[in-house]
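Listed below are the structures to be examined.
Paired with chain B in one complex and with chain C in the other, chain A is shared by the two complexes that follow.
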Partner chain A sequence: MSVPRRTPTLAQQVWLLLQKDLRVEMRTGEVVATSLLFSAVLVSLFVFAGFSTRKAASEGAPGLLWMASAFVAVLVVTRTFEREREDGAVTALLLIPGASTALFFAKLVYNWLLLTLVQGVLLLLVGGVFSVDWFAHGYAVAVALLLGGFGLCAVGTTLAALLAAMRLREVIVPVVLFPLCVPLLIAGAQASVAAIRGQNSGAWMVTILLFDLLFVGLGQWLFGLALEGAGGGEGDSE
Partner chain B sequence: MGGALRSVELRSATRFFGRHVALYRCSLKLVAGEVVAVLGPNGAGKSTLAGLLATTLAPSEGEVVAAADRMLDSSELRARVGWVSHESMLQRELTGREQLALIAGLYGVASERVVFWLERVRLTADADRAIGTYSRGMRQRLALARALLSEPELVLLDEPTTGLDAASREVLWELIGDLRAAGRIVVVITHDLDAPPELFSRAVVLSQGRLVADRSGPESLSALYAAALQRVAP
Partner chain C sequence: MMSDKLSWMAVFASLAVLSALGVVFGYAPVEASMGIVQKIFYFHVSSALAAYTGFFLCCGASIYYLLKGDRRADVVARAGAEVGVLFCTFVLISGPLWARKAWGTWWTGEPRLMLTMVAALIFYAYVVVRSIGGRTEITRRICAALAILGVADIPLVHFAVQKWRGNHPRVLRNGGISDEMEVALTAAMLAVFSLFATLVLLRIRVGMAEEKVERLHRLATARGNDIEDRRRSPLLENP
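After this line comes the complex of A and B, so read on.
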């Protein structure tokens, strides 16, 4: 009855879990559709609020971009474990050796990919509407968004795991996420402003990178502990 | 990996949820080849017992000890567990085949086993439908396949007959017989007192978090259950 096994590597497990989430998102389109709609609404509001001059629009656009990124990150990360928690699927995953670490990286990359997709659309949308040429001074804004989005997702994915068992998690995630990400958002906005002004944004980029490294390390450590409580502790006393 | 699992033992294990005592000083040793029926009314602590054995719950007091060629730590024991809980532990957006392929891939089990298990639980024809469209019984059969796919040495079946028709129950009893023959430890938490008694090498009864009966042999489950609860009745 014994069946030969080939223990998968961490990368293989991450890929399997990531594929699964992407497949489900492609079928349902829940997260991408709501995030894109939200982004469009936010940009529209700024259009109607109106910037008085083109210069004001150009200088305000990075702020809009980062504000939208932060809100979209919340939309993305709060759904992180909803599907797995529905019928206790996360518990089955936690029984598998190594799957807890793989699940963290898969969810992190998944959230990051979705956020990056929406950020890409936002970049085009904000650039088009406010006539901002993001790429006139190189790709610094795009790089800042990529790195900053990764940091937002690292914090958000960990928080989603920590708060997965809580009833009001949709409310609590943003309440905790935003204060934690203030340094990241400031650095991101500053890097973007510096880039469109043609200034050096290197120091801000390093700040974002350090933030990313810190929260990926912390997240990986906290994630397994958090999920043990959320998925394993069923809390009933049958 | 430490050799085949020989025994799992709860040593005076107590589990609290807040102030509520779900399981109190429960001592139980399960050895390879045993099929143990766990009986008890709602709230008796049966699922808590399963959680402790699966190591997804830690005992508040006492310990869970697993032995193979050497003592195993909780992560080594967990890797040998297959668990059908009262939740299906399936992701409803996936198809049955995708769900099993995912679990097989994560364990490193060959993909041919997916085909084998779909056939075994009679879901081949529905394998490419989303789990969300399955009936309760179909989900339960898929949950069984999901739990047994990795050839676990400690199999925890919490209400495995829920939603199963007579033919599917026969498949389940057959599977349990195979697991017993293969020397696995099988724990069947059930309210189904009509389950064939010869299937179980042992039966235990929990009541209000306490182990109140522990019998070996083919005694009828309903007789054991009635006698045990009568003894503890106030």
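After this line comes the complex of A and C, so read on.
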């Protein structure tokens, strides 16, 4: 009580926030359960839409895998701040000076972990339905999914925070997220195509990495700026 | 005074558009293989440039707004985005009309086509968020962020689609047009850009007037809500 405690470092802050979210998720399983169910429904829709019975169905499998990832990412990220908003915890979080960076990275990593888990299941489902052996020539598909998922979550977390107060945000988030992620989806699908054919997917991986770096940087900056309104002080033209 | 200048600009833009039409149809030769449809090219290319100018204007003004909080920058950003979207829509309509004749198909997976489509989608979303969000400080900040994300995305989209596929006619870089066509293209550029500038300035004027009305309204009702509003984070708002 008497001695003021040392301010935790950024990594410690991120870890604390991440732990809190993971603990809640492990106790309720809400996001994981619904996302997994959604993936199963989605893959069954691909089957009923006739994708799996076409000639050269496996050619289209990487594209569908990435499309499904993008859908699941929307499902995961739109709920990023739901719990905090419901219970008013976000007020307390935003009161901590400089906490927005930690909050951004904690939410980003949290979303990424959940998305990665679901992507793993998607990989199995899509691979099974389309008879694709993703790992016939190494693990490039998994690397692409991990890196690409991070980029999807970087954009998604930023948008979830920005649009948290927006009416119709369940529609607005995908409407903004998908166009922004077009380069990522192209690069991811092409990297996966190259990977299952045993070709070099290095250039596409670099594209994904560039996307990740750009949007983690921009996202972190805009997240803080938009939440705290750094420029909103006396400079305003009143 | 300002309205006078703008009226003259509007008159100039109208004359420029009319004379560009004259030059395009009266002076420039009919292209051998594509025929009359090729005339779309002059306005298509100029409008594409105008659309991207609008988007970059929006992004620049948005950065300024986020850093300085100057409402006038926000008005400029909004004008750039809205007029940019208008020209981008024209590009996306005129492009397929031309492609149908030149390539025999309305739509292909061609890089610049896909790039423009993605840019249009991003800025359509910007305009939608603007109108759904209403005139609040949070919406202004959200839209500024969206504009920055969108424009930062454009080079990446360009790179990805370029690497993926490519066969857009590289007319300008290869010097594939005659002198008369070049004159027509210059005329069309001048026309489209004067129209673009007029529309942007008009939209800015409307935006400034809206700001003024809002300020007066606030003074009249003396609620001072905006000061409170500015301090809030989107996470704390109720949808």
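Here are some notes:
Everything below uses one rule, namely that the second predicted complex is superposed on the first by the 218 of 238 C-alpha atoms of A that agree within 3 Å, B and C clash if a C-alpha of one lies under 4 Å from a C-alpha of the other, contacts with A are read in each partner's own complex, and residues count from 1 in each chain.
Throughout what follows, a residue touches a chain if its C-beta (ideal position, glycine included) is under 8 Å from a C-beta of that chain, and two chains touch if they have at least 3 such contacts.
What you see is a predicted model, and the numbers here were worked out from it, not measured in a lab.
When the two complexes are overlaid on their common chain A, residue A:Leu10 makes contact with neither chain B nor chain C.
When the shared chain is aligned, chain C comes close enough to touch A:Leu225, but chain B does not. By the document's definition of touching, of the two partners only chain B reaches A:Leu95; chain C does not.
When both complexes are overlaid on chain A, the residue A:Lys20 reaches chain B alone and has no touch with chain C. Contacts of A:Thr158 after superposition: chain C is touched, whereas chain B is not reached. In the superposed model, A:Ala187 lies in contact with chain C only, and not with chain B. Contact with neither chain B nor chain C is seen for A:Leu213 once the two complexes are overlaid on the shared chain.
In the superposition on chain A, A:Glu84 contacts both chain B and chain C. In the superposition on the C-alpha atoms of chain A, the part of chain A touched by chain B in one complex and by chain C in the other spans residues 84, 91, 94, 228, 231-233, 235-238. Considering their complex, residues 81, 84-85, 90-91, 94, 155, 158, 161-169, 172, 175-176, 178-180, 182-183, 186-187, 190, 203, 207, 210-211, 214-215, 218-219, 222, 225-233, 235-238 of chain A touch chain C. Within the complex formed with chain A, the residues of chain C that make contact are 65-72, 114, 118, 121-122, 125, 128-129, 132-133, 137-138, 141-142, 144-146, 148-150, 152-153, 156-157, 159-161, 163-164, 215, 230-231, 233-239. Residues of chain A touching chain B in their complex: 1-8, 12-13, 16-17, 20, 23-24, 27-28, 83-84, 86-89, 91-97, 99, 102, 228, 231-238. Against chain A, in their complex, chain B makes its touches with residues 17, 20, 22-23, 42-48, 51, 54, 56-57, 75, 78-79, 81-83, 85-94, 98, 102-103, 105-110, 113, 146-147, 150-151, 158, 178, 182, 209.
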